[in-house]
Amino acid sequence: MDREALKNKLIEVFPNASFSENKQFIILTTTSDKITEVVETLKNNIDFRFDYMFCITGEDWLNYFIITYHLRSTHLGHELVLKAKIENREKPEIETLSHLYSTAELNEREIFEMYGIHFLHHPDLRKLLLPDEWEGFPMRKDYYDPIHIVELE
Amino acid sequence: MKIEAIDTSETKEYFINMGPQHPSTHGVLRLLLTLEGEIIKNVEPHIGYVHRAIEKMCEKSSFQQIIHLTDRLDYLSCHMNNEAVCLAVEQGLEMDVPERVKVIRTIIDELNRISSHTLWWGVMGMDMGAITSFLYGFREHEMITEIFEETCGARLTMSYNVPGGLMFDIPPNFQKMVKDFLFHFKKKLPEYDTLLSNNIIFTERTKGIGYLSKENAIAFGVTGPSARASGFACDVRKLKPYSAYHKVNFKEIIFTEGDCFARYKARIDEMWESVSIIEQLIDNIPEGDYFVKTKAVIKLPVGEYYQSVESARGEFGVYIVSDNKKNPYRVKFRSPGFANLSALNKIAQGCKIADLVAIMSTLDLVIPDIDR
Amino acid sequence: MKILSIYDFSNLTQAIHTWLSGKMSVVSTQVVEMILVGTVFLLFFAVLGLVLVYAERKVCAIIQVRLGPMRVGKWGTAQTLADFIKLVFKEPLITRDADKFLFNLAPFIIIIASFMAVAVMPFAKGLQAMDFDIGLFYISAVSSIGVTSILVAGWASNSKYSLIGAIRSGAQILSYELSAGLSLLTIVILTGSLQLSEIVESQADGWWIWKGHVSSIIAFVIFIIAGTAETNRGPFDMAEAESELTAGFHTEYSGIKFAFFFLAEYVNMFIIAAIGATVFFGGWMPLHVGNFEAFNNIMDYIPSVVWFFMKVSAIIFLMMWFRWTFPRLRIDQLLTLEWKYLLPLSLMNILLMAFLSLMGWHF
C-alpha cells in the first residue's frame, strides 16, 4: 500500500489518534493504555497486516516516556512508526506486546531494565543485560552514576 | 536385605550452563540449557557479559564519534554499521554524497560481507568438528583484511566512513588488489563445498536440523541469511536500496527449507552474489570527490531518523532521535544478532546438544552485537 | 621363504635369557625379565607419545596449510617435550565434591589398559614380550578396559560435561567393540589361529588384505572405522567434542593427569594401527610379490621392525587424515552407523569370508 492510501486508511481506522509524518515514516502516537488494542488492529486488519516489528526503542523525555515501535508489513511492504506515550513517570506501566510479536519479549526486558518501565503480563520480566544487583535505570536522562559515567566537556 | 524398587521410567531434567566460557558460544554468551538426557527442553540465553552501554555513550558523543562506537558492535560487519550511521546522519542533513563514495561503500560492504562469511564458514566447520575449515576460512578472511588495511589503515574496526563520504580515498592499487582477491576466491569457494557442503557427515548433521518456520522468523524478527533460509525475503539491499545497490544486479538468496543446511547454503550462495556485485562495480568506480565537506560540529534538525542496512548478520538499523544539539538525544541500534538470538529457544527445543552447536553457528551470533 | 637372520630379534632375546638364567634362579630370571620388558615399554611409551603428538601436529599443519610447531628445537621437534614439562609442572586441580579416589585412579586405568595391550604386539620377528595363543582375543579384551577409565573419570569429576562425555564414550566404545572384533574374526577364519605370531607367519606369501580380497578389504574398512571410534578420535570424538562439551570426560583434569589421558589417546591409536598392520598388512612381514624373486630379496633386506613401523605409521596417518578432514558425527548418528550398518555388514562379511574360504576362492 502506498503512503497516502495507508495514511487515509489509518485515519479512518483510528480517528482519535494523532498522526505526524517525516520523510520516511508515518508516525502514529497513542497512549499507553490503548497500545494492545491498537497493535492488535494493526496486526490483524487485512489492510495493514503489520506482522514484522523490527525495532523497539524506549525514550525518556524527562516528564514522560515514549516507546517507539517500528512496524513493517511483509505482505504489503509498508512501514509505520507507532509511539506509545507513558505519562506516569513515577510508576510507568504499559501492556506487553510479546504475545503478538515474539521479538518484543527480549526487547521489552531490555527497556524494563534500562528505563524501569513495567510491561504488564510479560511472561518473564527480569533484567537482561545488567547484573541482577544493579540499581537504578541507566538509560534514563536523570540517571547519575559518578563511578561508571565519566562526563566529557 | 530389602531392595527398594526404583522406578526407572521416571526421568528428571537437569540444567547445564553452556558458557560464558565455552568453545562454541563464540564469545561470552551464556546459555542455560534444560536437558533431558541429551535432548534440549529449553534454552535460556543470559547475555550482557560484554554490555558496554554503547547507546548511553552515544548520547554523550558527537555524530562523528558514534561511528567509532558502531565498529565495536558487530565487529565483523563494521563497515555496514558505520554506513548505517553515516546514512542516517546524511539523511538528517539532507546531504547527497558523490557517486564515487556510494560505489566504494558498496564494494567495501560486499568485501566485508565476504570476510564475515568466510570467517563464519571456518568457525561453523570448527563447531562441527572439522577444524581444518577454520584455517581455510581464515586464509580468505585474512586476504580481505589486508585489503582493508591497505585502504584505511585498520584491519578489523575500520571506521572508514564519515558523514559525507569516506575518511580517505582508495589507494591506487585498490582495484588490482580486489581483482586479485576475487580471482583467488572464486577458485577457493568450490573448495569450501568440497570440504564441508558435500561431506556426508556434515549434511547429515545439518539437513532437517533446527527448523525455523517463516512465521517464526518474522515474529522473532530474525533477519539476514538466517531468515532468508526460511523464506522470509528481508534483504534490505532489495527492499530499501541504499548506496549503489540499485545499480547492481544481484539475486536475493531465498530458501524455504529453514533448516541448518539452508542457512549454511544461503551464506555460501550469498558469497557468490557478493563476488558478482563487486565484479560489476570494481571497474566502474566513478571519478570525483571522496567526501562532501561537513561542518566540524554536526547538528541534526529536530526529528527522528531511521536507517537500516543489510549487515552480514541481517538488518542492522540505527534509530537517531535528535533535538538539534551536537549530541543525539537517543540512539538505538537494532542489532540483528539480538533478534536472531531470541529465536534460539524456539529453534533448539527438542534438538540434541550437538544440534544446538550447529544451530548457533548457523545463526551466526556475534556477542558484542547482541550485548551492545 | 627365508627371513634374514640378522634381523631376527629372537637371537638377542634368547641370549639375554640364557645369560640371566646362568646367573640366577628361574623365578628371579622371570622377575628380572619382566622388569626389563616393563622398563623398555615405559621408555617406548614415552617416545611414542612424544613422536605421535609431534607427528599429529605436523600432519594437521600440512593439511591446514600452515607450518605447525617451529620454534622449540629444529623444526619444532622439542615442542612436545616442552609441552610435557609444562604439563608436569601444572597444578593438578580437583573439583569440589569430586570423588577424589576415583578421580585420581582413572588416568592410571587408561594407561595400564593400553600398556597391557602392547605386551603381545609383535614388533618384529622375535620381538614380542608375550606370545599367547589367544593374542588377538587378549588385545580386544584389554584394549576395551580403557572405557572403564573414561566412565570413572566422567563420573568422578562431578561435572555434567564430563558425565555426558563419559556416557557417550561408554555407549560408543561398547558398540564399536563388536564391529572391530567381528572384522578381526573375518581374518581369523583364514589364519585359523588367534596367535599373533602365527597370524604374521601366515602372511609370508602375501598379506591378508590381498589374499582375502573383497572380504578382507571390507573387513579392513570396518576395522579402521571402528578402531577410530574406539580411540575416541575425530570424526568420532563424541566423548571430547570440544565444541559441545568443552573437553568431555577430561574437562576437569589438568597437569600430569590430563597428560595421561592425552598419552593414552595416542598409544591407543598406535595399538589400533598395530593390530590393523599385523592382521591385515602382515605385521613385520616384508612386501612379497608372487614370483619376483629379486624384488622379494631386496624387500627382505629391509629390517622387519622397519616394516612394522612403516605399516603402523601409514595407518596412523590415515587416522590423522580422517580427524583433520571430517566433521564430527552426532551421538545418535554414530550409534545408528554402528548398529544399523556396520554390525550387519560385518556379520555378512564373516559369512562371505567363510564362504570364500570354504570354496578356496582366496589366494
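Think of it as A, B and C in the order they're written, each chain with its own count starting at 1.
One rule holds in what follows: contacts are C-beta pairs under 8 Å (C-beta built on N, C-alpha and C of every residue); 3 or more make two chains touch, one makes a residue touch a chain.
Since the structure is predicted, the reported quantities are computational estimates derived from the model, not experimental observations.
S.K.: If you average the CA coordinates per chain, which chain's centre is most distant from that of subunit C?
M.R.: Result for max centroid distance from subunit C is chain A.
S.K.: By CA centroids, point me to the most central chain in this structure.
M.R.: B
S.K.: Per the centroid of Cα atoms for each chain, what is the distance between subunit A and subunit C, given in Å?
M.R.: 64
S.K.: Averaged over CA atoms, how far is the centre of subunit A from the centre of subunit B? Could you give it in whole Å?
M.R.: Chain centroid spacing, subunit A to subunit B, equals 25 Å.
S.K.: If you average the CA atoms of subunit B and of subunit C, how many Å lie between those two points?
M.R.: That gives a centre separation of 45 Å.
S.K.: Residues of subunit B touching subunit C in their complex?
M.R.: 14, 16, 22-24, 38, 125-132, 135-136, 139, 195-196, 199, 201-202, 204-205, 352-357
S.K.: Flag every residue of subunit A that touches subunit B in the complex, lowest number first.
M.R.: Residue list for subunit A touching subunit B: 22-25, 51-55, 57, 59-60, 68, 70, 74, 77, 81, 101-103, 105-107, 128-131, 138-139, 148-149, 151-152.
S.K.: Taking the touch rule as given, give the residues of subunit C at its contact with subunit B in the complex, in rising order.
M.R.: Contact set of subunit C toward subunit B: 60, 63-66, 160-161, 164, 234-235, 237, 241-246, 324-333.
S.K.: Considering only the defined contacts, which subunit B positions touch subunit A in the complex?
M.R.: 47-48, 51, 53, 55-56, 60, 91, 216, 218-221, 223, 232-234, 239, 303-306, 308, 315, 317, 319, 321, 329-330, 332, 334, 338-339, 341-343, 346, 371-372
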